[in-house]
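Common to both upcoming complexes is chain A, partnered first by chain B, then by chain C.
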Partner chain A sequence: MNGATLWAGNLDSVRRRIAYLALIAICAAPFFLANAFYVHLAVLICLNVAIVGGLALICRTGQLPLGHGAFIGLGAYAAVTATMRAHWPFWLGAVGGTLFAALLAALLGWVILRLRGVYFVLVTFAFAELVRLVMLDWPSLTGGANGIAGIPPAALFGFEFDTKVRFYALALVLAVTVIVFLHVFFTTPTGHAVDAVAENPALAEASGLSVHRIQLLAFSIGSGIAGLGGALYAHYVGFVSPESFNTALSVAMIVMLVIGGRQSVWGPVIGALVLTPLPELFRGAVQTQHVFYGAALILILRFLPGGLASLLARRSVDRASY
Partner chain B sequence: MDLTTLVGQSVVNGLVVGLLYLLMAVGFTLVFGVMRVVNFAHSEFYMLGAFVAYYCVTQLDLPFLSSVAITFVLALAFGWMVEWLILKPFRHDELNGMIATIGLAMILQNLALMAFGPDPLSMPSVVQGVVHLGFTVVPASRLYVVAFSIAVLALLYVFLRYTRTGRALRAVVQDVEIAAAQGICAQLIYPLGFGIGVGLAAVAGALMAPLFSVSPFIGAGPLLKAFIVVILGGLGSIPGAALASLLLGISESLAGTFLSTGAADILVFAFLIVMLVVRPSGLLARPEQ
Partner chain C sequence: METLLQVDGVSKIFGGLAALSNVEFSVGRGEIVGLIGPNGAGKTTAFNVISGTHPPTAGRVRFKGVDVTGGPPSRVVRLGLARTFQATSIYPAVSVEENLYRGALAAIDTGLLNQLLNGVRTRQAVVRARDNVENVIETMGLAQFRHTLAGGLSYGYQKRLGVAVALATKPELLLLDEPAAGLNPEESAEFGRLLRALRSRMNLTLLLVEHHMALVMDLCERIVVLVQGEKIAEGSPEQIREDPLVIEAYLGAPEYAHA
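Take a look at the complex of A and B:
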């Protein structure tokens, strides 16, 4: 029996090593791809990994915001305004966009996170709609429905990320940073507090944790990450408009998170990896794609509530219980 | 046009939209009360209701009244089925239930898009002409809709207040376990509550179809307003919802007349946040114990 356990343990670590190698290979592949379209997809996947990672952090506290798209948009518009009007360098604009999104989330969260969970959902939804309307109604600053075009490409220390492959390097750094941050965060006491709050808010509160403060922290950080993702997206695509950040985007992020998995750091990675390229399969049939998304969402919730990532986790749990 | 006429006209228009918001919000709050699930598919039932009424009136040449009745019955049956087939495992599961209804909304909206196409259709109005009310002029079709909405709400009130089933429904809203202990079959009340809730959304859609256009995307606006009404009035409070929706309708209409529509939306949201800080349990609610 001992031998079997050892063997299983070995096999597990071999598998894990293979999985990590495969992941590194996937990350490196876009540098060698000749097809610009695949590199473009890889950039979008990386940005989605980061943004959904931020959403995962909020969701881990037991609250699911329905206006994540608005914070992506706020970050994007703030960064673009800073670089194009105030002529800030790219990095400062991106930091500004991040802080702007995080600050607004903190203000909003301070009010609504004291209430029952359902109010959080309703208000974030209404807030996202309001942000979109303000962007549409304030053409002098946001360009209104026409949006803002001709956003300069990202540049750091004189190096311009003006090709897709170069930008991919930047997006990959962002995605890896967010995932590593989440991984480390959930090993810290604050990270455990987040899990405790989700598990049983009343017990967490009784144990001396401030549920409000922890949820507020997660909401601000998660929205800040969304803002950073939005800032990078704006400088990558070169164009933003209020319709880029509507409810459909918020819902798409939730679909990625739920299908990928809410309880694991790998959930956002798997969700973004699987769902970002999916529209290409349904090219010219957007409605079929959304029906498929909806059905997948319901089926995953019903039969695999931990998402695709739980398939990986279940393996190791099964083994551990022998 | 002098100021009194302008204000009077805006108030009347505001009342009409306010009643629409109320129908949406009451159905929404009923579904939440019974199942503890934020129903994001509510907007799609509104949209489907508008389409059913449109087809009844234009293709089958049915009178408007029976079209609305057919819409309600169909929505009730469809809602019952959806609850039983899809949402059953998510009762009392706030987070997963909500995500499931997002999936449901995506499916319904896109199926409607495939079936009916994206172009808005316009439905003939129910009646022609205008009615003079004091110093304001109201299109008769709007008055018709107002009368219908009030009738539907009155019927709902009587049903919830005086019938056995209605009382059972309210008992389940208050406490499922105690209700079950009193011999109420909760297994039937869940689909019934969901069916009636989305039925009200469908009736709202059917009533508004002659006033506005009919397309797969029409549900989003009313859903957002229902959310705002529910937050202002306090979740689960029907009198609160009534007051909030009429206030919202009238203030939107007034602000839309004298300011821009965008400014009206921003003011409403600012008011909402202030309300959440000052009176989080709603306009009329007593503070939670």
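Take a look at the complex of A and C:
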């Protein structure tokens, strides 16, 4: 190793350290913010990081579901039903919501993951609409269009996450856990198999990797994470209704993933950080927000298919080649 | 000689058209067998049925005595029957090494939890898979391209990588679908030498579809001839060369012989 690469290596590690410090500072900031609105945004960002992380896992197998919002809703309703009707503790309800969403994803995926491309997209869209209509038309269980109000705040071992700052701590743990999980997952043999299945399914199948099994695994885990995010969301906001989990939510998750970056574990983090605050900024002009979403999506797909995260990756590749 | 592959009365009908009718042949362990025939004779269909990609309309496929009819391909591969594709089939966006690692992945059968925790059994299995990748890289002469993106390789080396990915699954029987298509005569001859070397180094049995007659006649010990989905002849290269049915249907037309 000569002096130049040594220096570049040092510079790289210095930059990396600065980046990590900045990330920790961003994560810690809400604990010191006086403004409750910013803490609220931080909570939503963390929940979105986790949920989009689940979507990223599914997307990495080469299948894009247009019904991620339904699994958020299924997790939320299942958890709320368990805690409010069966009086389960919060954590058990959240686990139940996660497993319920994962189980339904497994059943659905078993049938529909053989579909490819736009057919898969359409069936997941139809499934999400079906879930929303069932929530609307089963008022004895789901409260119908009125939804369910008065959901108790999350509590663990007697500690109540009843303020925004306290709940932020819980949401942050969830977001970090999901990102670390994804990071580790993609280093495992199964993670490599996921990338193989996405890049060339016929070759993966001919190499002994069951495309169906791997896509089913990713679809179940990713949807389970969505269910967990939904369960936490319900106990944070204290209210759920079928309209909380409509197509707009599924689309918003996809927009975050695509703009953040589909091929990088950091994609969901960047996507959620950039896009979660946007609806709040566009409060005065709700229509403009959708125009912005559409334009941003087209521009990203055209000029930066790897999303914002690919800007980071490209720089590190450039440096590695010197 | 032990029978490795047994194709029993296999028929495949696509919308009223018989792509294969009652095809019957077997491959013994250690053999190099050629499957030839004019365009549209059903050679690739036969491969798709044997590898489990398509279920046959009738008949059975047995590999090592196990009924593998109808696949799925991932199960058939795990038993030791791998294939390559007519069109070059690789993972173009990743390195040659990662291509081969993906080929070797199926042998790592530890549970997801053990993999996430990087347990002892997973680590051992990954080391074995990496050793296997090294072995294939050396055998196939790809060491110099280890870190090259597969999509950036020349056509000939992409074909070679396609075979290497199949080898990384540690097959006992390898089906090669036109391995020499698009190669010049020199490359094709080298490919033939490579395949022969592979057989002895990796205890392989080979079944290949090939239009390149010089290669087939030189390499194969036994040849099966398909014409319009039916087997019309089977025998040594010498027998096939002199078979009047084959000459009439196939070799008799010089433009086919050189196609």
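In this text, the second predicted complex is superposed on the first by the 320 of 322 C-alpha atoms of A that agree within 3 Å, B and C clash if a C-alpha of one lies under 4 Å from a C-alpha of the other, contacts with A are read in each partner's own complex, and residues count from 1 in each chain.
Just so it is clear, a residue touches a chain if its C-beta (ideal position, glycine included) is under 8 Å from a C-beta of that chain, and two chains touch if they have at least 3 such contacts.
From a predicted model like this one, the values you see are computed outputs, not experimental measurements.
Placing chain B and chain C on a common chain A by superposition gives a fit, with no clash between them.
Touch criterion met: A:F185 reaches chain C, while chain B stays clear of it.
With both structures placed on the common chain, the touch criterion links A:R166 to neither chain B nor chain C. By the document's definition of touching, neither partner reaches A:H40: not chain B, not chain C.
Residue contacts after overlaying the shared chain place A:E199 against chain C, while chain B stays out of touching range. Using the contact criterion defined above for the overlaid structures, shared-chain residue A:L217 touches chain C, although it does not reach chain B. When the two complexes are overlaid on their common chain A, residue A:G208 makes contact with chain C while staying clear of chain B. In the superposed model, A:Y293 makes contact with chain B only, not with chain C. Of all C-alpha pairs spanning chain B and chain C in the superposed arrangement, the closest lie 6 Å apart. Counting contacts as defined above, no chain A residue meets chain B in one complex and chain C in the other.
Contacts from chain A toward chain C in the complex involve residues 181, 184-185, 188-190, 192-193, 195-196, 199-200, 202-213, 217.
Remark: chain C residues 51, 53, 72-75, 77-78, 82-83, 85, 89-94, 98, 101-103, 105-108, 110, 112, 115-116, 118, 122, 125-126, 129, 165-166, 168-169 touch chain A in the complex. Chain contact summary for the complex, chain B toward chain A: residues 32, 38, 86, 89-90, 94-96, 98-100, 102-107, 109-111, 113-114, 220, 224, 227-228, 230-231, 235, 260, 262-263, 265-266, 269, 272-273, 276-277, 280.
Contact residues of chain A toward chain B in the complex are 62, 64, 108, 111-112, 114-119, 121-123, 125-127, 129-130, 133-134, 136-138, 247, 251, 254, 258, 286-288, 290-291, 293-298, 301-302, 305.
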